[in-house]
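Below are the structure tokens for one structure; questions will follow.
Note that the chains are named A, B, C and D in the order they appear, and that numbering of residues resets to 1 at the start of each chain.
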Amino acid sequence: MAVKTNLEAVRDTLAELMERDPSILIMGEDVGPRGGVFQATRGLFDRFGPDRVIDTPLAELSIIGVGIGLALHGFRPICEIQFADFIFPAFNQILNEAARYRYRSNGAWSVPMIIRAPYGGGVSGGLYHSQSVEAFFTHIPGLYVLAPSTPYDIVGLLRTAAQAPDPVLFFEHKRLYNLVKGEVPETYYEIPIGEADIKREGSDLTVISYGLTLHEAIKAADQLATEEGIQAEVIDLRTLKPLDMDTIFASVEKTGKVLIVHEDNLTGGWGAEIAARIAEQMFEWLDAPVMRLAGPDVPAVPYAPPLERWFMPLADKIKAKMRELAEY
Amino acid sequence: MAVKTNLEAVRDTLAELMERDPSILIMGEDVGPRGGVFQATRGLFDRFGPDRVIDTPLAELSIIGVGIGLALHGFRPICEIQFADFIFPAFNQILNEAARYRYRSNGAWSVPMIIRAPYGGGVSGGLYHSQSVEAFFTHIPGLYVLAPSTPYDIVGLLRTAAQAPDPVLFFEHKRLYNLVKGEVPETYYEIPIGEADIKREGSDLTVISYGLTLHEAIKAADQLATEEGIQAEVIDLRTLKPLDMDTIFASVEKTGKVLIVHEDNLTGGWGAEIAARIAEQMFEWLDAPVMRLAGPDVPAVPYAPPLERWFMPLADKIKAKMRELAEY
Amino acid sequence: MARVRTAVRPSEHLSVDDLLQMYYYMVLSRKLDERMWILNRQGKAPFHISGIGHEAIQVAQGFAIRKGHDWFFPHYRDIATCLILGVTPLQMLLALLGKEGDIFSRGRQMPEHFSYPEGKIVSLSSPVATQIPQAVGVALAARLRGTDEVVVVGFGEGSTSEGDFHEGLNWAGIYQLPVVFVCQNNQYAISVPVSKQMPVENVADRAEAYGMRGVIVDGNDVLACYDVMVEAVERARRGDGPTLVEAKTYRPVPHSSADDDRSYRSREEVEEWKRRDPILLFEKALAERGVLSEEKRQEVYAQVAQTVEEAVATALNAPYPPVSSANTGVYGPFDRVKRSRYSPDLIM
Amino acid sequence: MARVRTAVRPSEHLSVDDLLQMYYYMVLSRKLDERMWILNRQGKAPFHISGIGHEAIQVAQGFAIRKGHDWFFPHYRDIATCLILGVTPLQMLLALLGKEGDIFSRGRQMPEHFSYPEGKIVSLSSPVATQIPQAVGVALAARLRGTDEVVVVGFGEGSTSEGDFHEGLNWAGIYQLPVVFVCQNNQYAISVPVSKQMPVENVADRAEAYGMRGVIVDGNDVLACYDVMVEAVERARRGDGPTLVEAKTYRPVPHSSADDDRSYRSREEVEEWKRRDPILLFEKALAERGVLSEEKRQEVYAQVAQTVEEAVATALNAPYPPVSSANTGVYGPFDRVKRSRYSPDLIM
């Protein structure tokens, strides 16, 4: 068992995948000698050379567009978008092209590729280096959307993503890159896409989350258990699309109470879909309204430290909301 | 009272607004001598000249980007995106720029502008001329999102939109352009943004919709009343963002049963947010699960007539779902 | 009009057979296309977008590339090229009508959204210019794999205003990739004339900004187009880098079946260009070379008419795809996805 | 290095006062910038992105435009220009620290995301190149209103790879708008060198593709930059159309406080360029003209040091914006919006 950070988990798995599969390429801004602005590709350029670790022009539309072409020819590009905030110039290529190639050609063409993007706040990144952008992609048929938050899950899901026959959005919370450490087995394993993980068992209420707020939810749950004896079950979605409704519904059957937490702003966030499904299909199991806690409906996280704290749905806020739900 | 089609309502109101407000410009592909591919700007070029009705290059990013610049200087551009399917090259300019100018500059700068886009299926448009794209925009703080579906509402909301201090997405269902006719008073009126309209009163269940499915829902409700005596209340959202929760909640208090219908694909659609809010805040009033009926989770509407019919949530499907809900 | 004359003229080495084949495809494409308009006007086809008037450059590019080896990202008008690369008239018609045998998309896409893997014709979408960086990606792949495949990508002059054009050509220039960009400049993007689309006279004038050759050719002269295309394709194959080819042509019909072109251009202009119809021009050239007798000409037209009419009859009688088909294939089969009982959002 | 020499040399008509003003702003910007780095390294400022080494072109453009009349869409390195247009060192520092007096965004944006309506400095975001079509829109507005405003828009050479650059310049060319595009080509986009960014040697080589003038200037020579900028701005004002100015310069410091530049370039290269530091060059030129004595030089440095230190002290002691402020102003006040009791998505 090696202990790794999230960042090391990404980097080591990228290296492993490239070693194993010659069709894998890495492309993006500064992924080469610089090793990526977060160092997620450090050492790969030296190891695999400029033909497999490609420093692209500063042009996201073509990072994805050219990546699609590579995929059509049988490569499996792993495209890095430097910050998730900057994925939108490529939105048309992702939505109208990558996600639709298979369906529009009745399966004649497909574009297996991975799009990696660091996302999220808590890093003094202000409005344009803190965005959570997953909800724009989970709405799109044809994409897989993953957001693992521990080294173990990152390794297992990145390995699976690298075999998927369709485009995968792979979101990495940048605040967690060096914050989270965890054990990664030496023996090879994979994690299926679409499988949530119960990170903390509990019977009083269910908390559903991913990313930074997942870790904060666990913290809040632990505190609440110690302080007030309330036992929350914390589900880590890991995969955002498709949703693991089996795991979610099983937990709701047990607890009858659900809180969904994400960092992205509330309105139209991915929590809405989760809440809507639970409300529709678990109506008779619910002992309380499905609650959501999310970032406020402002355009991303402000820069000044107190304002950033105000934005982030961290443990204290989650705990308060859990208590409200428990007491319902 | 004049009877107009939806298309005439758009066209006549654009002319009226330009007449009244010299800061209003129209820009887009083929809006000039061609009068727009749907004829929504027919006659305006001759009447107002090339300085106020601007045929743009085939380049959506800059239609919005240049529009933002015009707005910064005090113009109020009305930018036409020829089909909503083609709005995505401009997504970065809308999301990261237009929607965030005010907040990011603490109110020092703002970009009042209207972005008109015909959307929706039922016109043999296939995957790329049929998309419903509203959910990508309703998630974005800083935008108003309107989707009126009758001549009366189009006139009233377009007048209001043309005074809003912030960017307005104005979605027009292209199938309804010539299908729907309705009365438009000669006397001036406006409709506030954020005000839903009860298009049909009823007490057994509430149907919430907009666009083509709104008209189908009314049809279904009328049939159901005649055939089975079930009285459905049909709410036309008209404004998608912000949502008129007062009207929605009041209806739910009355009926205890809600069906949300939209044409956009189900997962992550705008119906999810509406359902989530009702489920959370009206928990104690609900006599049945909040149900959703929407387009299937495929990449937009297929072209072949039978496949297109399969996709569209039209009256027959809505009626079946209403019956299911009524019987719950 | 061709401002760049090619030094080599491969068209001089075309055999009589080749020339007659080219002629055949021009006529086939034209007659099929005209028939598609009629089906639309009869209310039998919901939509059609036409290649009429653009056949010279289309046929030229079809003959300049290695069928099934080189890649083709078509412009939506490229009916003639697709026929050359192996798509049958019947397949075109089934797509027009959205019938079961639509090999492009099985009735999902509008007509003329070609896709034909056997001919390396890559699936086309409607948002213009998106195919340009994708074509560059295929060319990069060919380079990385060390093959000698060439990629040809088509688009209209209006599409060059999109950011996709810039970003794609920039990459191709940086890596000097084996790709030929073929712009069919037909003077209009729907109603918008070139003068409102770009501040330069020629699309090809922009090639230099991307470190590549730009070539302008008379897009209605099939042999001139052939010379230019062969040179560009073979340069790319040799590793001498990309070319931006601009074929000056004209669309004598409305933009699509949904367009009415009378509001934005004069009938005189249209008639003027019809006098330079690519088929007329080619017939004259062939007659001059003594390759096309009047008898042969009529034979070709008769053969084409029969081919088209047979295909129309079959297509009209063909069934639509089963409704169930629309609810499949959003995702490819993948056994490492947990399928949740309740999850509606994953249609395999 | 300046390949285009201006015929007119407005810099020859600059008064001693003007020259000393220019010098003052170069030194002020440099010293303020250096101090910002220190605050970052001390852990007092979360982030900083620097204009060091780019001051010549920045000061030149600041002096070439009509303050408060012409519009400025800054590059994020344009600290010197913003100081000239009226932003104070204290305001820069308050933004650096995200303090209440941050006039750019009230602590919402990262530092160097300028905004100053009084100086017509338009609010900058982080996604690069987005400002380019917006600047063109303002120029179009000026044209439509018949004013003689000019718009200057800045960006790095890396940003020219984005579609926004292409689309913006295309519009400006079509309508020959009063806008000057100023590219500070500092050889790198973070770690990516120009050779991997574009297939042409100079950004300005692309001007022709947009039907406009392209000018290359030594971006470290403030007077050469001034000549080029005055000419471009006045051409635009006269209605003679847009110019693409490329100022060749270098970034002797890391990309930002989050960067480490040792992985992608040699120390020798950095040292080589430091010998052509714009302040050094200008001091030499001023001394040659007899404008800058050693005494005067020291006086300027002392004045700048005092200004900066006073501002730093004030900024460090300034409060943060109240938390409640972050929850306001997503939408402007508008009385024709129905405010729903339960609706959380409309923050006015």
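By definition in this document, a contact is a pair of C-beta atoms (placed from the backbone, for glycine too) under 8 Å apart; a residue touches a chain by one contact, two chains touch by 3 or more.
Keep in mind it's a predicted model, so treat the numbers as computed, not measured.
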Most distant chain from chain B, judged by the mean position of its C-alpha atoms: D
Of A-C and A-D, whichever chain pair has more C-beta contact pairs: A-C
Gap in Å, rounded to a whole number, between the CA centres of chain C and chain A: 40
Whole-Å gap separating chain B and chain C, where each centre is the average of the chain's CA atoms: 36
Centre distance in Å when chain C and chain D are each reduced to the mean of their C-alpha atoms: 45
Set of chain B residues in contact with two or more other chains: 56-57, 59, 61-62, 85, 88-89, 92, 96, 100, 103-104, 127-128, 141-142, 241, 267-268, 281, 297-299
Residues of chain C touching at least two other chains: 105, 108-109, 113, 125, 127, 161-164, 167, 170, 174, 196-198, 330, 345-347
Complex contact set, residues of chain A against chain C: 25, 51, 56-57, 59, 61-62, 64-75, 89, 92-93, 96-97, 100-110, 141-142, 144, 160, 163-166, 190, 192-195, 241-246, 249, 277, 281
Residues of chain C that touch chain D when the two form their complex: 161-167, 170, 173-174, 176, 195-200, 205-206, 208-212
Partner chain A, residues of chain B touching it in the complex: 85, 88-89, 91-92, 95-96, 99-100, 103-104, 127-128, 135-136, 138-142, 241, 265, 267-273, 275-276, 278-281, 283, 286, 288-292, 297-300
Chain C-facing residues of chain B, complex: 29-30, 32-35, 37, 55-62, 85-86, 88-89, 124-129, 266-268, 296-299, 302-307, 309-311
Residues of chain C touching chain B in the complex: 46-47, 97-99, 102, 105, 107-111, 113, 125-128, 158-159, 161-164, 189-192, 196-198, 258-259, 263-264, 320-321, 323, 325-327, 330, 344-347
